[in-house]
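Two complexes come next, and they have one chain in common, subunit A, joined by subunit B in the first and subunit C in the second.
So, the complex of A and B:
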């Protein structure tokens, strides 16, 4: 291959890249927060004993998970274009609803993996069902599910690159800008690959650390 | 619907294979193509009338026909390879395609990365708007949303000429066009002939205002590959002399070429 790399373009376009990275982080964080909220509720509903709640949760999980994320994104941006939602929020919505289903399944499995004796004991000690869930079931479930949740989080950051198709100027989009202006495709995409790698590694390590430690605290308390 | 994600995956795959491939450059590129018996032509599949998939599911267009002519001049068959904005340079540099004819505007900045043939088409930028739109020229674009292909000269031109417009850039033409059709943008800007290509695929759109900017298209060859570039330049000039170029131009753009191919005396 006859090709001379010219990394100076990366420095020249550093502003574009920094802006792209910031937007990727914002998009992922907003998506993450919403996915967690949706997942906690849908997961608890899925693990509940009420058939109506269970069915509703199952319906949501199947609908959200079995449709490609790209279709989710186009649905909010083009399918519901009459709403004129800003592209960024279409990306957040799509990511949250899509990833929320995965979080829900993990939360449901986590809750169900806590022995039923724990709940019975909590209720016997006079805790309300909600308090039992919050102080007894969730902390244990969280520790069990920490690695899976970290996996979903890192997946979500990578998935956020798809928002570039609806003109959200995140990191992948920034690579396209450099590519278009300079034709330096190799340099642009190698750079964002490294940036994604660094960010995703840092985030998944941090998530494991935080959730893992909270689990350890629970261990000490009991 | 194009799949930009796959385009990127392909691009990265091309990077890896390109880096692994041993650089065994013995003969000149035209000789290597003749020895192989096949020209690998990188063309777009989503940009009518330059490179697109026609009603029979076959790739067609002005770029595509020019590649056929170059293969004919080499005495070989042609194999069309789909390229996108993200993959055309990695594919070219790694040798997955011999030429990139992908409606590329020749700029000095891009010249630093690949080499271009002489200008084979001179485009001008225009605006495509819905039939009912009040936009009649660049001056009407204040506070309007204009869709455009990302990282193009078109994007830059628009930002300069209509600074009050909101530019909405997309990875590819098709997505930008979809945004206008779905009411996400008020106008689409692009090369006049490409806009005409899109306009024919849907009802209720019109091209407005005087054309602006000059977009000289070049065929991309690997940087420093003078043999291949010279060969392509000679074929383009021969096509003009024989009138074949003019015929192809009229076939795809429905009018005679306004700008002649640059001619060099034979000796």
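So, the complex of A and C:
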């Protein structure tokens, strides 16, 4: 093995890397928020007793999950090129709709794992169905599903690297730039691997903390 | 919108589909073998090996697939002194990637077999190796069927990423046709539908195997 490392390129290209990291964070956070919103709605629909809602949710989940993320990205970028969406938003939409299906499945399982007596009791106490879902069922479901949700979130951050193929200048794209300029393959990709690792760990810890805590508060109240 | 673009380019697209199927098959076989081996080392190897395996699994699971692929395609050739073709790099990269996930599934599968099963086997006079082979593993593998097929479906989907380094599999072929004909809507729709059918079929096989072989509790 003959390879001399030269880490000075990383410092020279720090601007590119910081910019890439910022875009990765923005892309992931926007995708994450939207995926969570889609997943909460589709998950509740999937757990509902109305056949129409259930079928619609099932159709969405199966269609979104069984198509590669790359095809989702090209769908918005090339398929709907008539819309002229900026590449960044194509990436966000693709990530949100693809990961939203996984979130929906987790939320559905979470809702179904909350004993039905909880909902009945909430309704008996005079809460509207929507309020029962929001203040009684979701807090419990979210805590049960916190580890799986954290898994989807870290997957989403890693998946955001695919946005580089439609030239969103995020972290993987930045590494490609450095590699193309200097041929320092290992230095560039080892650096971004570490950065991804840090971001993924931070976000999954934060997700466990936020959702786990909400559930803990509910526990204390009862 | 001109849907005749699909029949006109059908042989080329089918060629791409063939490459996708071949890649998926190679990676399913290679990845499962590698993943199980890694999982065995991770759970039962000597201390240092266990640590190495755990480190590998954690690093791969924290790295995007695209980055692993770039490592293999651009980084590996100077180290091993052999110029990998894009296709070889894709197959190797996918196996290295999915293996880490399958190893982790193996670990939770073995962990899910009640400890008493192993103790019972040892009490009956089986050696630790025999207890693993005849008692724990058969149960663990049956419990792993759904997760394993989830990984296979994921794997079929992410073979599309090989298009990025220039492999003309299904996605690469579709993009090439689109570059020539510029009919994005029918091409992307067909592409999505093809993957949907492939993944749905694979899920059905997994569900069937699970019904047939899962341990009824």
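One rule holds for everything that comes next: the second predicted complex is superposed on the first by the 222 of 222 C-alpha atoms of A that agree within 3 Å, B and C clash if a C-alpha of one lies under 4 Å from a C-alpha of the other, contacts with A are read in each partner's own complex, and residues count from 1 in each chain.
Rule of thumb we're sticking to: a contact is a pair of C-beta atoms (placed from the backbone, for glycine too) under 8 Å apart; a residue touches a chain by one contact, two chains touch by 3 or more.
Since the structure is predicted, the reported quantities are computational estimates derived from the model, not experimental observations.
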| item | value |
| --- | --- |
| Fit or clash between subunit C and subunit B when superposed on subunit A | clash |
| Partner chain(s) touched by A:178 [first = subunit B, second = subunit C, both, neither] | first |
| First, second, both or neither for A:75, with subunit B first and subunit C second | second |
| Partner chain in contact with A:6 - subunit B first, subunit C second, else both or neither | first |
| Partner chain(s) touched by A:186 [first = subunit B, second = subunit C, both, neither] | both |
| Subunit B versus subunit C as contact partner of A:167, first or second or both or neither | first |
| Single subunit B stretch clashing with subunit C - from 25-33, 79-87, 169-177 or 259-267 | 79-87 |
| Footprint overlap on subunit A, comparing subunit B with subunit C | 1-3, 70, 78, 81, 161-162, 164-165, 172, 176, 179, 185-186, 189, 193 |
| Complex contact set, residues of subunit A against subunit C | 1-3, 62-63, 65-71, 74-75, 78-81, 154, 158-162, 164-165, 172, 175-176, 179, 185-186, 189, 192-193, 196-197, 200-201 |
| Residues of subunit B touching subunit A in the complex | 3-5, 8, 11-12, 15, 18-19, 21, 23, 25, 85-90, 93-95, 109-110, 112-114, 149-152, 155, 168-171, 175, 178-179, 182-184, 222-225 |
| Residue numbers on subunit A that touch subunit B, as the complex places them | 1-4, 6, 70, 77-78, 81-82, 84, 161-162, 164-167, 172-173, 176-186, 189-190, 193 |
| Subunit C - residues contacting subunit A, complex | 59, 62-67, 70-71, 74-75, 78-79, 153, 157-161, 163-164, 171, 175, 178, 184-185, 187-189, 191-192, 195-196, 199-200, 203 |
